[in-house]
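Both complexes shown next keep chain A, but they swap its partner, so chain B is in the first and chain C is in the second.
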Partner chain A sequence: MSIAIDAKGVDYRQLNELVRNCLSQGERHIIIKNVRGQRYLGAGLTAGDLLLEVEGVPGEDLAFCMGGPTVIVHGHGQNAIANTMDSGTVVVHGLGGDALAYGMRGGSLFIRDSVGYRVGIHMKEYRDMRPGVVIGGTAGDFLGEYMAGGTLIVLNRHNEREGVCGQADKTLATGIHGGEIYLFNYDVPGFLPGTGARLLPPDKADTGRVRSLVEKYCLYFGFDPKPLLERELVKIIPADSRPFHKFYCPAYPVNS
Partner chain B sequence: MCGIAGLISLNRIRENGQRIKKAIVLQTERGNGLGAGYGAYGIYPGYESLYAIHIMAASEEAMERAALFIRRWFKVQKQEPIPVWDKIIRDHPYFQRFFVEPAALSQHCPGGRENEDDDVLEKMMLMNKEVCGAYAFSNGKDMGVFKGVGTPQEIYDFFMLDHYEGYSWLAHNRFPTNTPGWWGGAHPFNALDWSIVHNGEVSSYGINRRYLEGHGYVCHLQTDSEVIAYLFDLLVRRHGLGIADAANALAPPYWASVERMENHGQQERLRLLKIIYEQAMLNGPFAVLAAFSGGMFSLTDNTKLRPMTTASQDGYTYFASELSALYEMREDLQQIVTPRAGEPVVALFHEPAASGKGVAV
Partner chain C sequence: MKLRAEQPGGRALYRPVFDRTLCIGCGECVRQCTFNEIRLDSRNEKRVPHAAGKACGACHRCEVMCPRGAVYIGERPLALRPHAVWSQEAVMRVHLQAASGAVPITGFGAGSDIPVYWNRLLFNACQVTNPSIDPQREPMETTTYLGRKPENLKEADGFKASQLLRLNLPLVFAPMSYGSINLRLQKALAITAREKGILWYSGEGGLHKELYDYSDWAVLQIASGRFGINPDYLTKARAYQIKIGQGAKPGIGGHLPGEKVLEGVSRTRMIPVGSDAISPAPQHDIYSIEDLRLLIYAVKEASGGKPVCVKIAAVHNVAAIATGIVHAGADMVYLDGYRAGTGATPAIVRDNVGIPLELALAAVDQRLRGEGIRHKASIVAGGGIADSAAVMKAIALGADAVAIGTAALISCGCHGCQRCHTGKCPWGLTTNDPDIAERLDVDWAVERLSNLVDGWLHEMKEIMGLNGIYDIGSFRGNRLLLRGVGLSPKELEILGVRHAGE
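This part shows the complex of A and B:
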């Protein structure tokens, strides 16, 4: 059983109130129709068994601080999707904007097509909480900046030759000190990786985590994972476990 | 965090402000009610060859002083109040518009400049400096800016923009941060046929302003975005740069990217632009939408710190800060184009206007 809400012309505060009311009445499959730019959908919701379907283009901060639900967007997404998200799944059948997965702490985000700038900044992990992000197309500058955990995959589904993960010098994974970034079928130019990022030579997708995330991506969007996974991929990890320990003046006698 | 919307009919098909209003009202959350505005091109048929000067004044006396100033320098073909619906906003300035011929053309005033455009712009800057309490905020041909303190819906209703038909429209929803929210400080900013709306801040305002002052532009409107309109006027109209070159001058790639370029012709051109126009370069986060007599284009800063999305379909190009707003202008958009940093999205009319000058891309 599902319940539908018509969002046409409804203010985002009222719309989120409607969703929360449905949730408190026991609804676990909510379809929001005619969404156009309403912000904060799914924000702060914690029901692990909730399926929230969004028809249209949701506004900024979709699934902000969400912990548990599955959100499926039948349309493009805007900026700051999965901001500080805790757990759950977000699936976007289209484009993503800027600053996705900012400070994301767990759960997974699947974007079918390309995304904008500053995706995956400050993603982090703790014990068994490991966020996973799969981008079907390409990404802009500052991908995975200050990344501290989790897995960020740029699938480059159309095998683009340039601009796959930004274009400006030293913006890719700048200041990364945890987690890992995978880039499929792309010869990363030497000027792209930022300070603290270490590029490993091309390899095949042998790790279970990449395979499992890409397979899930393909399941959601109806692609065949085999040819996608057969392509080479490069991995970016932090240069070492504390890449910036010499960067700061030892004002306090730590570990001395 | 301002909001931007724009639409342009490449075949110059006129429409009223309904569609652009929907697109900017959807982005109401991006402003705070302290400024909104619209720019429309092609709205004064029958007056295409005259400069349409829009004046706001704090009092009837100030408007009288402005009218005297305009009559001293120009031949006024028509003067009328800009109709407003003051039940929407009760506390507002006085608005009038003047359709004028420049002095040099009309022989009304000996000593007028050779170049009409320069003459009009110079007099407008002089007026904003000398006429106390009145501002000329729009002075192009066959176009007009309508702006003030209010939400996008309020400003639309206040100026009754249902009653204007234009073939390209700009809209802005303001969230003033560094500069005051007042009627003259709302967007769009205009210089002759250039109008710009801007989301972000111009951190290089001081340098840009001094550079412009060296070329005769005076900034009076207390808002950093003002310099962008003057820079386009200087670079494109006066210096004759194409839009791609102007975009590269204002939002150039980094030196490192330029030095790496394999196309040496393009590399040399970028070097020259970066050196010659160093003081025109816009620093800081910005997304700009600029309209002029030849079309419309968007530009973002070279690290893409402000959003811009676009779509083109069936002879129209649409621009908006938020993707959802594009669909307010057309429901069945097939393809969305989100430009990368510093990359302009240019939409030019298929046929230049009869009075318009060609601009290179």
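This part shows the complex of A and C:
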């Protein structure tokens, strides 16, 4: 059983209120039609068994601080999807904007195509919470900056040779101190990765983790995972878990 | 090259001095010093304390705790030739960096000789033609409401006053995170805030489960690290604070070293034990006022419409920035001044970045009034507020409420040794080491904090009364109550006050 809401001409506050009302009446499959930039859909929602389908283009901060539901967007997404998200799943059948998955602590985010700048900044992890982000196309600069946990995969489905994760010098994974980034079929430019990051070939356990996320991605979007997974893979992890360990000294003598 | 003595960078400027005629050799001072400055030697079958001269920072813990009053802290300055540039601090810093190649880090607020304008402002008082009010005998109104006020009388009819934050007096406890301070102190602040009907700000360390009972008096923070923020966190507070900047370190991020991330901090911040808690300098989803608006309304949407405060450091264009913040939809603007304290900041940033709160506050209030949007947001001002006079001067310059952080710490024992970042605070305040943190008794801290609030409230009422004002609302932004002394025309213009004698 599902219930549909027509979002045409409805203000975002009203729309979110409608969603919350449906939820409190026990609806667990809500379809929002004609979405045209209404913000904060799914924000702060915690029903783990909720399936929220969005038809159209949702506004910014989709699934902000969400804890549990599954959100499927039939259309492009905008900026700040899965901002500070705690758990749950977001699937976008199209492009993603800038600053996705900022400070994301758990759950997963699947973007079918490419994303903009500043994706995955300060993603983190805690105990059994490990966020996973799969980007089907390419990403912009500052991918995984300050990353503190979780797994970020750039699938590069169309095997682009340039601009796979930004064009500028040393912005990929700058300041990473936890988590891991995987890049498929990627010619690593000499200047990459950024400060504090280290480039490695993946080991067996890594491949297993990547496989499971990529297979989920393919399931959502109807691709065959096999040829995608057969391509070359590189991994980026922190060079040191305490990158700023020696950066500071006490301004006054301290006996240890 | 072998050096026989400590270079200035490694030499302590203070040292415990013992009166051996009073000392009974009990070793209490040794146990109290968390910096291993004191050791006990045996001499002629008597146990005698000795100072190493290497690490005393004048925290005065040994002095206060000695059962015989046999120790005090003495100064031990570097006897350098007087010089305008090469002061003791400058020489020490060069040596420190020559030895380490690192950035010297410190705690507390800036202590430089930049003017403290509070000390150049004086209150008016009633004489002859206007009667003063005796607050001991007559009722004085200090209740303060923070938040967005209605546009006009018509709107006021449907206005939900419950959206405003009601304070019994215009004072709040400044944001100090669990991690930078320990849970005992944060709990004491929370209990006191509830008892006194004021607010406590969480800082960005999340909300510990033990403090859930006090969350109705809490303003919880959302900062760039997004630590401990989950859907639950967004239902807990009375209001939320988006932190953009901090007065002690404008423009830079935060860094709680892994050593301080023990089990409790880990659970509350929701990060692994021992990992560095790094807060990026900006929030990377906010690069514009429009982005800020996005987050303000995201928080409102996810929290059921709770008021949102935006905290910024006082910097050059603070008035324009504050205007943007109010237009972005914030219900409160929190101004953190040049002298604001911190648990850790590079000394070079603390002492050289940002502008004094007095000038920033006056400029912001003036600008918001000029734009006709002052009613849309309240101003909370903090940073270097050392007494109730500064509170009332800040209110006269336009603050709706005033935040105290360092003063609260001092009331709980802090002597200003500025070593909050070491995690060894001998008073058990800015440490998470369970053995040292145990030194702070929560009940005692609550009593001290409550007394401080009571004492200041008496004085604040006194200052209102002697001006013939019985309602704090008539004091707010009332700059005619102030006169400046020894200030330039430009300073007076920015402060919006006249010179004494005018």
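Everything below uses one rule, namely that the second predicted complex is superposed on the first by the 242 of 256 C-alpha atoms of A that agree within 3 Å, B and C clash if a C-alpha of one lies under 4 Å from a C-alpha of the other, contacts with A are read in each partner's own complex, and residues count from 1 in each chain.
In the analysis below, a residue touches a chain if its C-beta (ideal position, glycine included) is under 8 Å from a C-beta of that chain, and two chains touch if they have at least 3 such contacts.
For clarity, every value in this text was computed on a predicted model and none was experimentally measured.
Participant: See if chain A has more residues touched by chain B or by chain C, and give me that chain.
Facilitator: C
Participant: Once the structures are superposed on A, label A:Gln78 by its partner contacts, choosing first (chain B), second (chain C), both or neither.
Facilitator: In the superposition, A:Gln78 touches chain B alone.
Participant: Taking the superposition as given, does A:Ala168 touch the first partner, chain B, the second, chain C, both, or neither?
Facilitator: Touch status of A:Ala168: first partner only.
Participant: May I ask you to decide whether A:Lys124 touches chain B, chain C, both, or neither, giving the answer as first, second, both or neither?
Facilitator: Only chain C; A:Lys124 stays clear of chain B.
Participant: Is A:Phe110 touching the first partner chain B, the second partner chain C, both, or neither of them?
Facilitator: Neither partner.
Participant: With the two structures laid over each other on chain A, which partner does A:Gly140 touch: chain B (first), chain C (second), both, or neither?
Facilitator: Only chain B; A:Gly140 stays clear of chain C.
Participant: So, A:Arg39: does it touch chain B (first), chain C (second), both, or neither?
Facilitator: both
Participant: If we overlay the two complexes on their shared chain A, which of chain B and chain C does A:Tyr217 touch? Say first, second, both or neither.
Facilitator: neither
Participant: If I apply the document's touch criterion, which positions on chain A are contacted by chain B in one structure and by chain C in the other?
Facilitator: 12, 39, 60, 79, 142
Participant: Within their complex, state which residues of chain C touch chain A.
Facilitator: 6, 9-12, 35-37, 52, 54-55, 57, 93, 96-97, 100, 102-106, 224-226, 229-232, 234, 255, 257-258, 266, 270-272, 275-276, 278, 280, 283-285, 294-295, 297-298, 301-303, 346-347, 418-419, 421-422, 424
Participant: How about chain A: which of its residues touch chain C in the complex?
Facilitator: So the residues of chain A in touch with chain C come to 12-13, 16, 39-40, 43-46, 60-61, 64-67, 79-80, 83-84, 86, 99, 102-103, 105, 118, 121-122, 124-127, 129, 142, 145-146, 148-149, 175, 177-178, 241-256.
Participant: Would you tell me which residues of chain A are touching chain B in their complex?
Facilitator: 12, 36-37, 39, 56-60, 76, 78-79, 95, 97-98, 114, 116-117, 140-142, 163, 167-169, 191
Participant: Please name which positions on chain B make contact with chain A in the complex.
Facilitator: 26-27, 29, 253-254, 256-257, 260, 302-304, 307, 322-325, 327-328, 336, 338, 340-341
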